[in-house]
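Okay, so subunit A shows up in both of these, paired with subunit B first and subunit C after.
Now for the complex of A and B:
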């Protein structure tokens, strides 16, 4: 019993999340009138409890529960950041959902489930548990993309996402089974030992190739990116935000756990493949984004570009590529919070933005939002001294140190292309005027975007502490 | 440390407060805030200067490391030494005066708060520049003051001439900045550091290195770096031939002409060269170059002041000429004298500008001196202070400018630098010219009879106290400062920790050896130097011509007429730039646009890639028709490719 308690201690964040989940379900079913409020407050409290627990809880590091569940300092830090992001996401979602006509309590429920999935993914110690976590995230994402049931676009995007996701899951499971066939185990540490000790079997490599494809799909990298623009266009704004921030964290964990811990010794096989696909993602995403007239699709394509950066950096088997990829992921999440936060805040004032032309005259309507957009967009384009610049710079630096000069040059050129459409956004906001005279006042929904922009500016000017902190996590 | 940070950053804070929240605060609060900020800044700089005088300690403070690329650290840090503190005290004082003055000058202007925000921002940028301990931050300050200057020249942005003037200032300064950047790059390349202290300790690694600019000729890297830095200084300090922007900058409001285009920003070039003295000292070619450029500017720009009819432009040309004097001092390695003249000049030139501004408001924005005259009785305070400024400028014995100018002339006289003889005579003639245009201005504005037809003399009255108070406060240092600080600053080695002069260039030392106090200095000036007699001659001539209206002999007049056309056209510099450089560059640009841009880039690269993108997009769009099997196929294709990749 003592032993069990000792193990359970490591699982407290998950247990809190699970009980919060149950409470939320009960709350929703028993309060038809106030279900939005009940579900929202239950979720916020749950996430707060998780954050507090991770912040001040007493964890004995390096728990390993019969090869299924493990924790360590870096896993706890990743969970902590994921939980904070989820808390912020929940708080910002409320402003978007209050305009939504149908039943909306479940929205937060799925947010909790996906966070639970992320936690399980990051703490898993064998391939099947990992798969369970991944599916928890994926399933809640499918549902959330199609959450807006009045929109046929959302339904279509959700359906396609689901079907393709199912194929990807199939690939992953098949890969896992091949790896099991080759090694006789699904436990991470044992698979890792097998890759280092003996001759590597062909079965193992092919199994890993299957898993690679699933990773590419989850990231939405080239060439399996088709679901990205669709879901960004069809889904509600908070869902796009979820896809841009936490889903990327989940994909990062996927890549990191499988390729950097389990298949670390096989890096000569996966590293060149992933590097190539990463570079292709950056190029493709940014080039195609040039011709988009729909702002949300454009953000979708630009996400493919950003993901490419993360993948390139993760593909570096030596050096500190992983740390820099993690930094980029977090910075990208912060930028998404700012960008989508602004869009959510605007749409809560009935100022919906779908296409570029909708941005016209925003400066007259709301200077505050315009300046915030300027900061985010500059940061995404990588203009110093904003945080996005440092994230890009570190990756480029690492590439040059690791003798991937040509890759670095391609990334810089692609970033230049990206600067063109980013500046187009600024152009529409500041220099095009329209004849509508809507005036937008500041409201509570601006809090998170402003906070995110402040982080981008201030940490951009004083980057050292933040960067060191992020690089130390992994 | 705290003093220093508040010295530098409080003006920035106030600028942001007034700039961002301008809509929510009253006019009164906006000037109270910014004036308070600059006042605190001034007090802090005086306290720091006091500390420095007691402890004599140079402090090099690292605030934080901004970024590291390779082995080069980009730091934010401050160097608190004699040079930066002397500059800071002058800058904050003049800035404070200008802030107060602005209340009166800009009273009815729409952009009142914007103006205060800008000038506080300027003060911050200037302080960042002078306190910087590394070249990158110095460059930041350098560009920031340039930006604010651009904004302020075009402050009345609805006036086309103002917009032309600020474009001109911006573009000419880019030419200089290019030189500056190349200079920084050369220094970083050889010394591997941006930090001033490290650069100076690494100078042996740059000394003796050769750079070949053209394949056949090679230059010492030190010379190239110094000249590049000096080109930067030429842009900012408006030395020939990059001087053309400064007269046009008078399109801006008068307070900024005083603050930026006379007392502080334009002297940044002088400051830069003084700051980089250990480097510059290594190249006597660069020193000669600096000397020649400086003395040519001093002489030729002074002449132009004689034919201007706009009160502000006369003073602007005088600023150009005085900057030439300072540059010449740098050229003979008398950096301390250059900075000494910079500081005395800062006070009396700000005084002259603000005085001119006071006349302009009193006459309801009339700037043409042909429309003035006899204002002595109507504007007594302005007259007295303007007179003090003028006497200081022409170097009347006992006034502040006398000491600095005479020391400067002596330094050039005693120097053995190549070209110093020519320079000495140019600068001596410059003294005569300075006196002529200054006294001309004084006589035409304050003596004689009132000549304006459209603004009656009866309506002219003395300006409000916010305008006259700064005049009075600036008049005090314009009289006394030069005599007070000559002892410590020039003779006492105040700058010894900040400025380096190599042993073979110690021309000033001879002069210091024979110096025995202020009174003897004045007596010595009567005996040893023709400057004072040239000045008196100048007063006599201008009294005859512009006070007594004594007409000139005929032949002489026709010669003057001819010269006047040349002067009126400013030696055709603008003509040269506009009709030869710009026109051909525009022609080249059009050609490039047509062939490279339109044909090559647009139709091949941009449209070509756009077409490709379009094709890719339409291909991908096919995948979005709902046919998921195609996407599903990609999974399998990928698998095949991966495996093939692995097997190969």
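Now for the complex of A and C:
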């Protein structure tokens, strides 16, 4: 019994999340049909409890539960940041959900499930547990994309996402089965030992290639990106925010756990492939974004470009770029919180922002939102002294130190191309006037975007502490 | 049959499923069936390797794959029903609203 309690101590955040989930389900089944207050408050309380527990909870790190579940200081920090992002996402999505007329309570339930999946993924010590965590995230994302049942675009986007995602997870499983065939074990540490002690079998390498396909899909990188713009256009705004922030954190964990810990000895095989695909997705995403007239698709293609930066930095074989990639992931999450947060506060019942034209004359109707958009877009384009600039700069520095000068040059050129369409957004907001004025709700929904923009500016001016903190995590 | 034959069956099943997804350009239900077929070929692999190594973890993995496949199929059919309500069709050619 003592042993069990010892082990359970390491799983406290997951247990809190699981019990919160059960309470939310009960709350939903007892509340009125279109009422989401109960579910919302239960979720916020659960996430708060998880955050507080990770902040002040006293648990011995480095629990290892019979090769299935492990924790360490860095895993706990990753979970902490994921929980904070999810809390902010829940609070912001409340303002958007009031615009849709379908049953709303379940939305928060799926947010909790996907956070549970991210937690399980990040502390798994075994390919089976890892796969289960990944599927928890993926299944809740398929459902969330199609959550707005009155929209045929949402149904189509979630169908495409589901089919591609199911194929990707099939490839992942086939890869795992081949790795199991090559090593005879599904435990991370044993697979790692097998790759270091004896010569590497062909079966192992083929299995790893299958897993690479799944990683590329989850990131939405170059050859397998087609779901990204579709889900951004079809899904609701908070779902796009989830895909841009938390889902990228999950993909980061996917890449880091499998390639940097389990298959670290095979880096001569995966590193060049991932580096090439990362560079291709930066160039492709930014070039295709040039001809978009739909704002949401444009954000989707620009996400492909940002993801390329993360992948390039992660695929340095030495593993030196991992900290920089983590910093970039968090900074990109903050930027998308600001951008989608602004779009959520601009949207209302009968007005949903889809195209550039919808942003015309925003400066006349609401100077505050226009300046916020200016800050986010400049940060995404990488203009100093905002935070996005520092994130890009660190990755470029790391590439040049590791003798990848040509890659760094391509990334800089692609960022210059990106600056063109980012400035186009600014042009529409500030210099185009329109006849109709937007009705802006000045409400609490502006709180999180303003906070995110303040972070982008203030930490951009004094970046040292934040960057050190993030680089220490991994 | 030796254990290697099961491995060959698994490769064939996987190839049939992937070919089914990429050649079939008509019906969504067929795609869902092909996805299930991929998962079944994975199960074949796991059981065969579990027999070779005399190790239980492969068989446990199979049970979990079956459960997850059931959950995945349930979600897929639910999405398919919503899609059918809007488009009155389950043909891939009719998924043409999102482009660019």
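Rule of thumb we're sticking to: the second predicted complex is superposed on the first by the 463 of 474 C-alpha atoms of A that agree within 3 Å, B and C clash if a C-alpha of one lies under 4 Å from a C-alpha of the other, contacts with A are read in each partner's own complex, and residues count from 1 in each chain.
As a convention for this text, a residue touches a chain if its C-beta (ideal position, glycine included) is under 8 Å from a C-beta of that chain, and two chains touch if they have at least 3 such contacts.
Values in this document were obtained by computation on a predicted structure and should not be read as measured data.
*Asks:* In the superposed arrangement, which partner chain does A:163 touch: subunit B (first), subunit C (second), both, or neither?
*Replies:* After superposing on A, A:163 lies in contact with both subunit B and subunit C.
*Asks:* In the overlay, answer first, second, both or neither for which of subunit B and subunit C A:230 touches.
*Replies:* both
*Asks:* Looking at the overlay, does A:135 come into contact with subunit B only (first), subunit C only (second), both, or neither?
*Replies:* Second partner only, subunit C.
*Asks:* Touching A:205 in the superposition: subunit B (first), subunit C (second), both, neither?
*Replies:* First partner only.
*Asks:* If we overlay the two complexes on their shared chain A, which of subunit B and subunit C does A:470 touch? Say first, second, both or neither.
*Replies:* Touch partners of A:470: none, neither subunit B nor subunit C.
*Asks:* In the superposed arrangement, which partner chain does A:462 touch: subunit B (first), subunit C (second), both, or neither?
*Replies:* Touch status of A:462: first partner only.
*Asks:* Quick one: classify A:253 as touching subunit B (first), subunit C (second), both or neither.
*Replies:* So A:253 meets neither subunit B nor subunit C here.
*Asks:* Should A:180 be classified as contacting the first partner (subunit B), the second (subunit C), both, or neither?
*Replies:* In the superposition, A:180 contacts subunit C only.
*Asks:* Which partner does A:216 contact after superposing on A: first (subunit B), second (subunit C), both, neither?
*Replies:* First partner only, subunit B.
*Asks:* Counting contacts the way the document defines them, which residues of subunit A are shared by the two interfaces, the one with subunit B and the one with subunit C?
*Replies:* 156, 160, 163, 167, 171, 230.
*Asks:* Touching residues of subunit A toward subunit C in the complex: what are they?
*Replies:* 127-128, 131-132, 135, 139, 142-143, 146, 149, 152-153, 155-160, 162-163, 166-167, 169-171, 173-174, 176-178, 180-181, 184-187, 229-230, 233-234, 292, 294, 297
*Asks:* Help me check something: in the complex, which residues belonging to subunit C touch subunit A?
*Replies:* 7, 14, 17, 21, 28, 31-32, 35, 38-39, 41-42, 45-46, 48-49, 52-53, 55, 57-58, 60-61, 64-65, 68, 71-72, 75-76, 79-80, 82-83, 85-87, 95, 97-98, 100
*Asks:* In the complex of these two chains, what residues of subunit B are touching subunit A?
*Replies:* Checking each residue of subunit B against subunit A gives 64-67, 69, 609-610, 613-614, 616-617, 620, 623-624, 626, 628, 631-632, 634-635, 638-639, 642-643, 645-646.
*Asks:* Going by the contact rule at the top, pick out the subunit A residues touching subunit B in the complex.
*Replies:* 156, 160, 163-164, 167-168, 171, 205-206, 209-210, 212-213, 216-217, 223-224, 226, 230, 269, 272-273, 284, 287-288, 290-291, 385, 390, 393, 397, 461-464
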